[in-house]
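Paired with chain B in one complex and with chain C in the other, chain A is shared by the two complexes that follow.
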Partner chain A sequence: MKKLILIILSLSAVALAGHAQKFITKTGHIKFYSDSPLEKIEAHNRQVKAGLDVATGDFQFIVLLKSFEFVKALMQEHFNENYLESDKFPNATFIGKVSNIKDFNTGKDGLYDATVEGKLTIHGITRQVKEKGSLEVKEGKITGKAKFNILLSDYSIKIPGAVTNNISKSIEITVDVILDILN
Partner chain B sequence: MKKRIHIAFILFLALFAFTATAQDEMTALLNKDAKPVIDYTSATFKTTRVVIGESSENPPPGNLIFVFSHHFGAINTGYENLYGLKQSQVRLGLEYGITNWLGLGVGLNTLNNTWDGFLKVKALRQSKGARRMPITLTIFGSTAIYTAKWQDPNRKNYFTSRMSYATQVIIARKFGERFSLQIAPTYVHVNLVPSYNDHNNIFSLGGGARFKVSQRVSINAEYYYLFPKQIVSTPAYSTFSAGVDIETGGHVFQIFLTNAMGENMESIITQTTGTWWNGDIFLGFNISRIFTVVKPKQFR
Partner chain C sequence: MKTWIKVLSVLIFASVLVSFLVFYFLYNKPHPNYETMNADYTVSAADLYKSFTANKAEAGTMYNGKVIAITGKLSKVEVADSLTICVFVFNKGMFGDEGLRCTMLPNYCGQVKKIPPDTEVRLKGYCTGFNDTDVILDKCSIVKQ
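On to the complex of A and B.
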């Protein structure tokens, strides 16, 4: 029994210590890009919230969909009204881990390959994803970068027949977040 | 042995709970001090017109909308006239959004060669979140000038005799995702009226609704009640219009039936000379195409 208490205590200690290992941002950048024969659509969100716990590898993203900005006002309206249904599903989220966090040393500047896996939720649908990206430590900040594709059909986002040539079925997502240490 | 399994099990549970709270903690951390944002209601109506009358919507800032409106002739004119297909009234219009709240537009109507120009000010925007506003309130003001030949060339005619003005206060609300409603008290001033008994100041109360059937199709209806005993020397009736909005990318098609021949607010209110009951119904459509003229800052 003593052992158990000891273990729980040491776990709590790790949890406490872990607090000092968190890096977060609220102004991260996510770009999405749809390349189709008729139209190239690009949108930017510069209010992405992200947090990384370098002790555990826990990695999280919260993306308010209404913060995506488009060139055309009408596209933005369609994005929120018709496709993502942002009133019903205001956020896209990712909750997961950097699985190779052990290779990682926050004390030293450097560029690391990162494998990120976890649950990506868009349009109310959650899928297990695994993507590769990079984490760069520089002057006490961590820059996370990744580029990957998602299929609209995976998240039951339906494109009406009339505009199938205007919107790509596969959307390229570019993530660029600069995380600051949390004191 | 049994005890060990117990301990392992408890440990496992503790570990599980621990990882769950760690992620929850992170979520809480990211959402902490989040400034509540103003969440404006969008697309109360799909275009700047409910059917033929103005809606609470303005052109988006930096965007130009070209509106082509077309009414055929009256259906009750019979086969001889192919139920109205032989005639047409057209309005060509351009609208531009200067800011989120200010829009302006011009139009040319084939009915009496009428030019119209308008300003539209969105004074209140329906929103939730950091600011709660139950309605959108839009003020619409326009001037119409007919440039066809003088109706009575024998009298002394002034240029101002060609002019009439419309003012509307449009109060709209989007109820949930599918249904929007507006009411629009409307005041029209006509500088020159045909007889002494006709009023120059004409009042009407408008109501409009939109019901979204699918992501791209909605059913719209609109009624303008003309208060009686204002226009007496010529027939003048309330207008009812109903139709379908179909949206494809940058275009909105509106196909409708109406008893109004005119396509600008002044003539919709004062120059509707027939009723649905008598078959003075016009098949019509609006096609609006939107162009982004000034890109948002970050895309320049």
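On to the complex of A and C.
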């Protein structure tokens, strides 16, 4: 009987530990920025869902494209209807890992370099990516930050000739997520 | 100056002016006012969530990019940075609570924070899609009953 109780207690502890290793947000922030000779365009999405399992390093996020907000309504329309075709491809996703998660200690406040690699899917095209970023542990939360560039041509995003000088061929993506422990 | 040259000059000037004005107004056209727009669909929060979990693609074709009025019992109000979000919970999964998340327009944030959980509310907003756990409505307002 004692053994059985011990086994049950051990299993419960493992289950609780496993649960406590996941950090999530549903209000992460992604910015994209295009700097072309004629125009600077930026858009913000503050409803990014992201999750990090600090035991395995598994990291993923999903972004609804219609949640991107632009200053100009016309740009938002073109982004959704012509460039990203968000009716056909409603979201962008990343599924991968923080490959150096073993260097990371959630029990200790601090700033850690992070290397994230995995599959980034935009506009229905999936590509393997590897980017540098940072993870900061502070007061039980993890702030993940990264800045990287993507080429529109890598994701078959076509810009019409008439506005080709208004939009950069390389878009800067800034990721900023504050992950809370999943209770 | 010959008359036809004058007429041609005026026509060219007028067409340049009209083109500029059309471009200017199109370029600077305002964002839609989702608060005053009529809802494309009126549905319960639970049914909207069920539609997406049953068939994400079909529900997306129907609801994404549309203005939707929803009714349901409010589970909680979350505040994150500049966002105030009314949450309707119908499930629990790998990302915690799952259901409907309605991001409120700034002028409704104060009102919804005072609404106690389990109160029946009617909201209207722009559906941006389903992120595999939650249906997202943006630019939401309270619909007076």
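The rule we apply is simple: the second predicted complex is superposed on the first by the 166 of 183 C-alpha atoms of A that agree within 3 Å, B and C clash if a C-alpha of one lies under 4 Å from a C-alpha of the other, contacts with A are read in each partner's own complex, and residues count from 1 in each chain.
Here, a residue touches a chain if its C-beta (ideal position, glycine included) is under 8 Å from a C-beta of that chain, and two chains touch if they have at least 3 such contacts.
No experiment lies behind these values; they were computed from the predicted model shown.
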Fit or clash between chain C and chain B when superposed on chain A: clash
Which superposed partner A:Arg127 touches (first chain B, second chain C, both, neither): neither
First, second, both or neither for A:Asp87, with chain B first and chain C second: both
Touch count on chain A, higher of chain B and chain C: B
Partner chain in contact with A:Lys169 - chain B first, chain C second, else both or neither: neither
First (chain B), second (chain C), both or neither touched by A:Lys138: neither
Touched partner set for A:Asn183, first chain B, second chain C, both or neither: second
Which of chain B and chain C A:Lys26 touches, first, second, both or neither: both
Touching partner for A:Lys40 - first (chain B), second (chain C), both, neither: neither
Contacts of A:Pro160 with chain B and chain C, given as first, second, both or neither: first
First (chain B), second (chain C), both or neither touched by A:Lys49: both
Part of chain B, among the options 4-12, 76-84, 112-120 or 130-138, whose backbone runs into chain C after overlay: 130-138
Residues of chain A at both interfaces, chain B in one complex, chain C in the other: 22, 24, 26, 49, 51, 62, 64, 66, 72-74, 80, 87, 182
In the complex, chain C residues that touch chain A: 26-32, 60-61, 64-65, 78, 80-83, 85, 94-96, 101, 103, 126-134, 136, 138
Contact set on chain A toward chain B in their complex: 3-4, 7-8, 11, 15, 18, 22, 24, 26, 42, 44, 49-51, 53, 56, 58, 60, 62, 64, 66, 69-74, 77, 80-82, 87-88, 95, 158, 160, 162-163, 166, 182
Touch list for chain B against partner chain A, complex: 7, 10-11, 14-15, 18-19, 22-23, 26-27, 29-31, 34, 37, 39, 42-43, 60-63, 177, 215-216, 248-250, 290, 292, 295-296, 298-299
Touching residues (chain side chain A, partner chain C) in the complex: 22, 24, 26-27, 29, 46-47, 49, 51, 62, 64-67, 72-74, 76, 80, 86-87, 90-91, 182-183
